[in-house]
Amino acid sequence: MLIIMRTNATPEQVSRVVARLEKNDLQAHLSRGEERTVIGVVGDIRHLIPDRFARLPGVERIMSISRPYKLASREFIPKNSSFPLDGVTIGGEGIVLIAGPCSVESRSQLLETAHAVREAGAHALRGGAFKPRTSPYAFQGLGEKGLELLAEAREVTGLPIVTEVMSPEQVPLVASYADVLQIGARSMQNFPLLHAAGKSQRVVLLKRGPSATIDELLMAAEYILSHGNRRVILCERGIRTFTRTTRNTTDINAIPALKARTHLPVILDPSHSTGHWEYVAPVARAGIAAGADGLIIEVHNNPEDAFSDGGQSLKPERFAELVRQVRVIATAVGRHVTQPRTAMNPRRENAVTSHVDAIR
Amino acid sequence: MLIIMRTNATPEQVSRVVARLEKNDLQAHLSRGEERTVIGVVGDIRHLIPDRFARLPGVERIMSISRPYKLASREFIPKNSSFPLDGVTIGGEGIVLIAGPCSVESRSQLLETAHAVREAGAHALRGGAFKPRTSPYAFQGLGEKGLELLAEAREVTGLPIVTEVMSPEQVPLVASYADVLQIGARSMQNFPLLHAAGKSQRVVLLKRGPSATIDELLMAAEYILSHGNRRVILCERGIRTFTRTTRNTTDINAIPALKARTHLPVILDPSHSTGHWEYVAPVARAGIAAGADGLIIEVHNNPEDAFSDGGQSLKPERFAELVRQVRVIATAVGRHVTQPRTAMNPRRENAVTSHVDAIR
Amino acid sequence: MLIIMRTNATPEQVSRVVARLEKNDLQAHLSRGEERTVIGVVGDIRHLIPDRFARLPGVERIMSISRPYKLASREFIPKNSSFPLDGVTIGGEGIVLIAGPCSVESRSQLLETAHAVREAGAHALRGGAFKPRTSPYAFQGLGEKGLELLAEAREVTGLPIVTEVMSPEQVPLVASYADVLQIGARSMQNFPLLHAAGKSQRVVLLKRGPSATIDELLMAAEYILSHGNRRVILCERGIRTFTRTTRNTTDINAIPALKARTHLPVILDPSHSTGHWEYVAPVARAGIAAGADGLIIEVHNNPEDAFSDGGQSLKPERFAELVRQVRVIATAVGRHVTQPRTAMNPRRENAVTSHVDAIR
Amino acid sequence: MLIIMRTNATPEQVSRVVARLEKNDLQAHLSRGEERTVIGVVGDIRHLIPDRFARLPGVERIMSISRPYKLASREFIPKNSSFPLDGVTIGGEGIVLIAGPCSVESRSQLLETAHAVREAGAHALRGGAFKPRTSPYAFQGLGEKGLELLAEAREVTGLPIVTEVMSPEQVPLVASYADVLQIGARSMQNFPLLHAAGKSQRVVLLKRGPSATIDELLMAAEYILSHGNRRVILCERGIRTFTRTTRNTTDINAIPALKARTHLPVILDPSHSTGHWEYVAPVARAGIAAGADGLIIEVHNNPEDAFSDGGQSLKPERFAELVRQVRVIATAVGRHVTQPRTAMNPRRENAVTSHVDAIR
C-alpha cells in the first residue's frame, strides 16, 4: 500500500500518517519527490482499513499495490488448478464443453437435448431448475422436479449435471442432485451463497457479474476458496456496457487477463455474452482461440418453443458443427478437446469425494 | 409488442407468425410499409415468451411497447405512494433524511452518532449489522449484536432504524429489530430475498444495482409489491461507468426519470454514489434539487476511525450544515424538509401494522 | 511515477530499471516491501515514456502519481480563473446562463428565441451554425448564413454569441462572428482543432466527450491553455453509460470533482446530458446545487418545429421558470445569478482583447 | 418509424399526430391495442425529424425500425464488398494482415520493422506520422518527414502504407504518400474529415470510436460512402467500459454483428483493444475465429525503446508466431491467410485508380 500525500502536505501531516502506521505495527518508508511525498507501507496490511488513512489531513489518496486475493492468485499458486468433473478433467490441457437448455422444461425436452449434446461431444449437461428472472411474472423454473429430471438425464447419458443455485438454503438440495453448483451472474456477490458454496463438496461454476471487475470476480472466488472448497471454475458471460446491439458485451480480453492472474480454470458462456444465437458460434470459437479452458453453451432441441432464452440457444446440429470447428482451433493453441467419457456413470459420489481430498 | 419482419420476409413467413399468435389467442395487426411489414400484437401478452417469435423465420426483432411492470407503474397508480416511517411520512411533500454510520461498530460510536444526526434533523438512523464486503478478509459486521445496539439507539433517540438484510433467512431476525429492511445494491436481483421482503410487514428500502437499468430496478420493486408488501422506497446509489474519478457515477437523471415512471418514493444515497466525503454534500443538494424525496447519508462521529467507508462519511457538523442547505433548496422546488417527530417511540408495532392496512 | 516490480523480480531486473532511470537523468528511490520492490522515480518525468519501463523484465506495472496537466491544475493555480464574457464575468461568484436554440434555423426563430431568453435572464445566446450530425442525411446547419443571423441577434439583444466550430480551418471565420467558440463533445480530442482554438483570441467552451475521463477533459483544456489561450470554460454534457432511459448520463459528480482539480469555470449542459425536456429543469437545478458556475440550455421558441433536438429544448416560459428556481438554489450555496448587462453591445472587440491581456 | 402514444392519449391527440404526418406527405397506419395506440408511418422518412413528433401531446416515444444507413447496409448490398489494396484483395475470402510500429520514429526503426513484418507475412505496413496524443507534452509524430520514411519503406518492401490523417486539410498531403488513410478512433465522428476522406481516391480504414455504437460506426462509414468513396474498411479497436484491467474492452461481438449488418470488410486491432502485448496474440486469434477479415497489429523492432505504445507492441518474432496460429484458425472458419504479393511495387498509382473505377 502506498499513501500519496498532497503536494502541499506539511511535515506534521506526514508525521501523523507515519505515527498512525507505527501504531498499527507497520513500517513507513518515505519517498520524498520534488512535488510530493509518497509513503510506502511495509508489513501485513491485509486487515488494515485504507480509508482510515485516506481521511488524514494532507493525504491525497491511497494506492494498493498488492492483489487483494491470495488463494485465487497465480502469484500464490503458479500452476494451473485442475480437478475432475465426473471423470473428465477441467483445467488441464483438454478443453471441456458444457451444453444444454437454459431451463429444464419437460422430460422429453431435457432428454432429447441431453442425448444430442452428448452425441455432439459435450462433457456435461447444463439446465436450470431454479431460474432467476427479471420479471416476477416470467417462468421461474420447475424447482425440485427439474432437479429430478436432471438426475434422470445423468443416469441415461452419463453426463454430469451443472445447475444453478440461488440461495444458501438451496445448496444442500441442489448439491444432492447436481455435480456442479452454478452461481449465476446476479449472485456473484451474494456473499451468504458464496459462503454456503464454499462449505459444500461440489465443484462450483462461478459466473462473473455483469458489472464486476476481474478483481471482484477473483475476490468472489476467494470467498469460496477461503471457506474450504478448492474446486472453482470461473466463467466470463459478458458485461454490461453502453452497447446494446448484443445482450451483453463479451469481454474476450478477460480470458487471457484471468489466465494471467489466477490458476483456476476459465470458461466462456457465449450464449449469454451475446444473447443472439447467430453470434454464439463465432464468439465461442473466439473464446477457445483466446485461451479459454472450456465453453458453456445453451442448446435446445427446439429453440422456437423454449420457455426462456430461445433466441440465444443453438439447435443441436449447429452445436455439433461448432464442436468440429473448436477441435481445429484448439490445435492452433496447442490444445485439444477432451475425449468424452464413454462408460456410464460409475461410482459418482466416491470419485468426487476422493478428488476433493486429493486437491486439498 | 411489435414484431418487426425483415425487409426480405416472404408472405409465408408473415403468415406463420400470425398463425402462431392466433394459436396463443392473440390478434395480429399487420402494417405493411414500403420496406417491411410490422405486426402489432393485440391481447394479454404478459405471459408470452417473446423469444419464441424472435426465432421464427423472417423475423428481424421484437419490440416491446408496454412497460414490463404494473404495480410499480405510475400508469397504473398515478398518485404518489406515501407511507409512515414510524410517525414520519415518506413519499409526501416533506423530504426525509436518513443518516448514520456505514457499520455499527460499538455502542459509543452508534449512540454518539445517532444523537448527533437526530440533533441535526435526521428522521431515521441507518447502520449496518450484516455487511456485504467484497473481500472475505474485511470486517463483516457485528451481526445480531449490531441489531441489538440499533434497537438501543432507537430507544434513546426515538429514530426508526434502517439496516441491511442479506439473505431470505435473515429477514425474520432483522425485521424483529428494524423498521426498514434495506436491500443493498448487490442484492437488487437476489430474487429469493425480494420474495422474502415482499412477505414481511416492514418498509423496504431497495437500492439500485450498480448496473441495473431503471426498468430492472422497477421490476425488482415489482417482485416485492407482487408478494404483498406495498411499502417500497427506491434508492439511487450510483452506477458503474467508465469513470473512476469517483467510486460510482451518480445517475442524477434517474431521479426525475423514476419519478415520471413510478409512484414509489425515490431517495438518493450520495455517500455511495460518490464514494468521497467532499462530494457528498454537493451531490446530496443536487438530489433534492432534482426532485428526490429524501436522502440516505453516511455520518460517523469519527470517520478517521471507521471500520468501513470512512472516506465517504460525513462528520456530524458537516451533516448539520448540509441539512441547512437542503432546507433552502427544498423551497426552490416547492417542498420542505419534514419536521422530525419529537415524542419518543410510542406504540411502534401497532402504528406500522395499521398503516400497512391503510395502504392496501 | 512509481514502478511496481513483480513479486518474483530478481535483483538484476531491479538494477536494470534503476540503470535505465539514471540514463534518463532520473533518480530511483527503492522501497523493498515484504512482497515486492517499488521504485519511486524522482526528477522531471514530463517527457518520459512510461511504456519504456513497463516492458522491462520484472516490471509489473507503472503507476502515475502526478496529475498529467499543469496549466489546468488547481495545484498550479489555486484560485478560480475568471474572465469577462462581453461584460459579464464567468468563473466568479455569479452564475452565468447561456441559452438558445440547438440550430439557427431562420431569422425569426433566432430573434424570437434570443429576445425571450434575454428577457428570462440569460447572459449569452447559443445557436449552432455548423452542426455535427450523426447522419449525413440530417440537417447540417446554415453555415455562414447562420453566423450572420447570430451576429444580428447580438446586435439587437446585446447578448454575446456562443457557437460551435468543427475544424481548424473554420476557426478564423467563426471567431470573426462569435464571442465564444464552442468545441463540441465529439471534437474534445480533435487535437488540430484544440491547437487552433488555443491560438485564437476567443473564449473557448470545451465540452466533455461522451467517454472522456476527467483527466482527459483537463488534458484537452491543457492543449488550449498551452497554446496561449487562457480563457477556457469546461462543460459537462453527459457521458455514455449502459443506461438508455436518457440520451446520456449526467455525471453530476464531475461538477465537484472538476472544481476540486481545476481553477477553470465549469458549467453544465442539462439539455444534452438528459436529452429530454422534462428532465432538463430538474437536472439544471441539480447542477447549480452541486456547484456549477453556469448552465447552457437549449431553448426554442417552438420546439415542436425545431430542425434538431426539439425533444430536449425548453419553451421560453419554462426556461424563465427555471431561472427563478436557480436564483433560490444559488443562495443555498452562497452564490447568486449574475446580473445581466443592460447596455447594448458597446466596444466589444476592445473589451475582449484587453481582458485577454489582463489574464495573461 | 412508429409513434407510440401514451396509454391515456386522447383521440384528438392521435388525430393531431396523423394530421402532421399527412402534412409531410406520409401515411399514418393506426394500430389500436388494448392499452394504447401505435401509429405506423409509411413513406420516405429519411428527412423527417422524429423529435417533431416526440413533442406532440399524447406521444410517449418514437421508435425507429429502419436502419439509418443505406450505402453501408447489407440489406442494400447483400454481397461482401472487396477491393484491392495494392495488389492484395481485402474483403474477400483471404485474411489480410497489417502490421508495423505505432509511430514512425526513425529510418532504421521503420525499415527494420517493415522488413520483419513483411517476412512474417504481413500484407501492409502501418505507422503513424501524425499522432493524436492525449497530452500536449507527448511526442506528436514526425509529420511529413514520417510520411517520407513510410514511402521509402514501401519502395524497399513493396508493402502498401496505412497511416493516420487527423484533419481535412491534411488529406491531400497524406493521400499523396499513403495507400490507406486511417481515421482514428477519436476522429470517427470528425465529420469534416469524413467528408474529405469521402472525396479522396484512397482506401479508408475507419476505426470505431471508443464509445461509438455499431450504428454510429456505420453512419460514419455512410458519410464516406455518400461522398463518393466506396472503399472503406471498418476496424474494431476496443470500446471504453467500466473495466480497467485492459486499456479498452475488445467488443468481439461486434465482429459478427458488423458482418451481419454491412458488406464492408471488418478488421480487428487487438493492440489498442487490449493495450497489453501479452493479450494481443490471444485476442488477435479470437478476432479471426470470430470472422474478422483481417488484423492490424502494432509491431516494433524494439518495443522497450518505442516512443509510444511500446507496452502493447509485439516483437517481430511474436508476430511471426501469431501469423502461424492465424493460418490454422483461418481453416477452422473456411478461410485462409492471403498470399502476400511478391513482386516489388509496380505502377502503384495506375492500379489504384483503375480499381476505384471498377468498384464504382
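Order of writing sets the chain letters: A, B, C and D. Residues in each chain are counted from 1.
Convention: a residue touches a chain if its C-beta (ideal position, glycine included) is under 8 Å from a C-beta of that chain, and two chains touch if they have at least 3 such contacts.
Every value quoted in this text rests on a predicted model; they were computed, and no experiment measured them.
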| item | value |
| --- | --- |
| Steps needed, at fewest, to go from chain A to chain D via touching chains | 1 |
| Chain pair with the higher count of C-beta pairs in contact (A-C, C-D) | C-D |
| CA centroid of chain A to CA centroid of chain C, Å | 41 |
| Chain C and chain D, separation of their C-alpha mean positions in angstrom | 28 |
| Residues of chain B whose C-beta touches two or more other chains | 211, 240-242, 244 |
| Chain D partner contacts - residues on chain A that touch it in the complex | 211, 213-215, 239, 241-246, 249-257, 260, 273-274, 278-279, 282-283, 285-291, 325-326, 328-329, 331-333 |
| Residues of chain A defined as touching chain B within the complex | 46-47, 49, 51-52, 54-56, 68-69, 132-137, 139, 166-170, 186-187, 189-193, 209-211, 216, 219, 222-223, 226-227, 240, 277, 303-312 |
| Chain B contact footprint on chain D (complex, rising order) | 2, 4, 7-8, 29, 31, 33-36, 38, 40-44, 63, 65-66, 75, 211, 240-242, 244 |
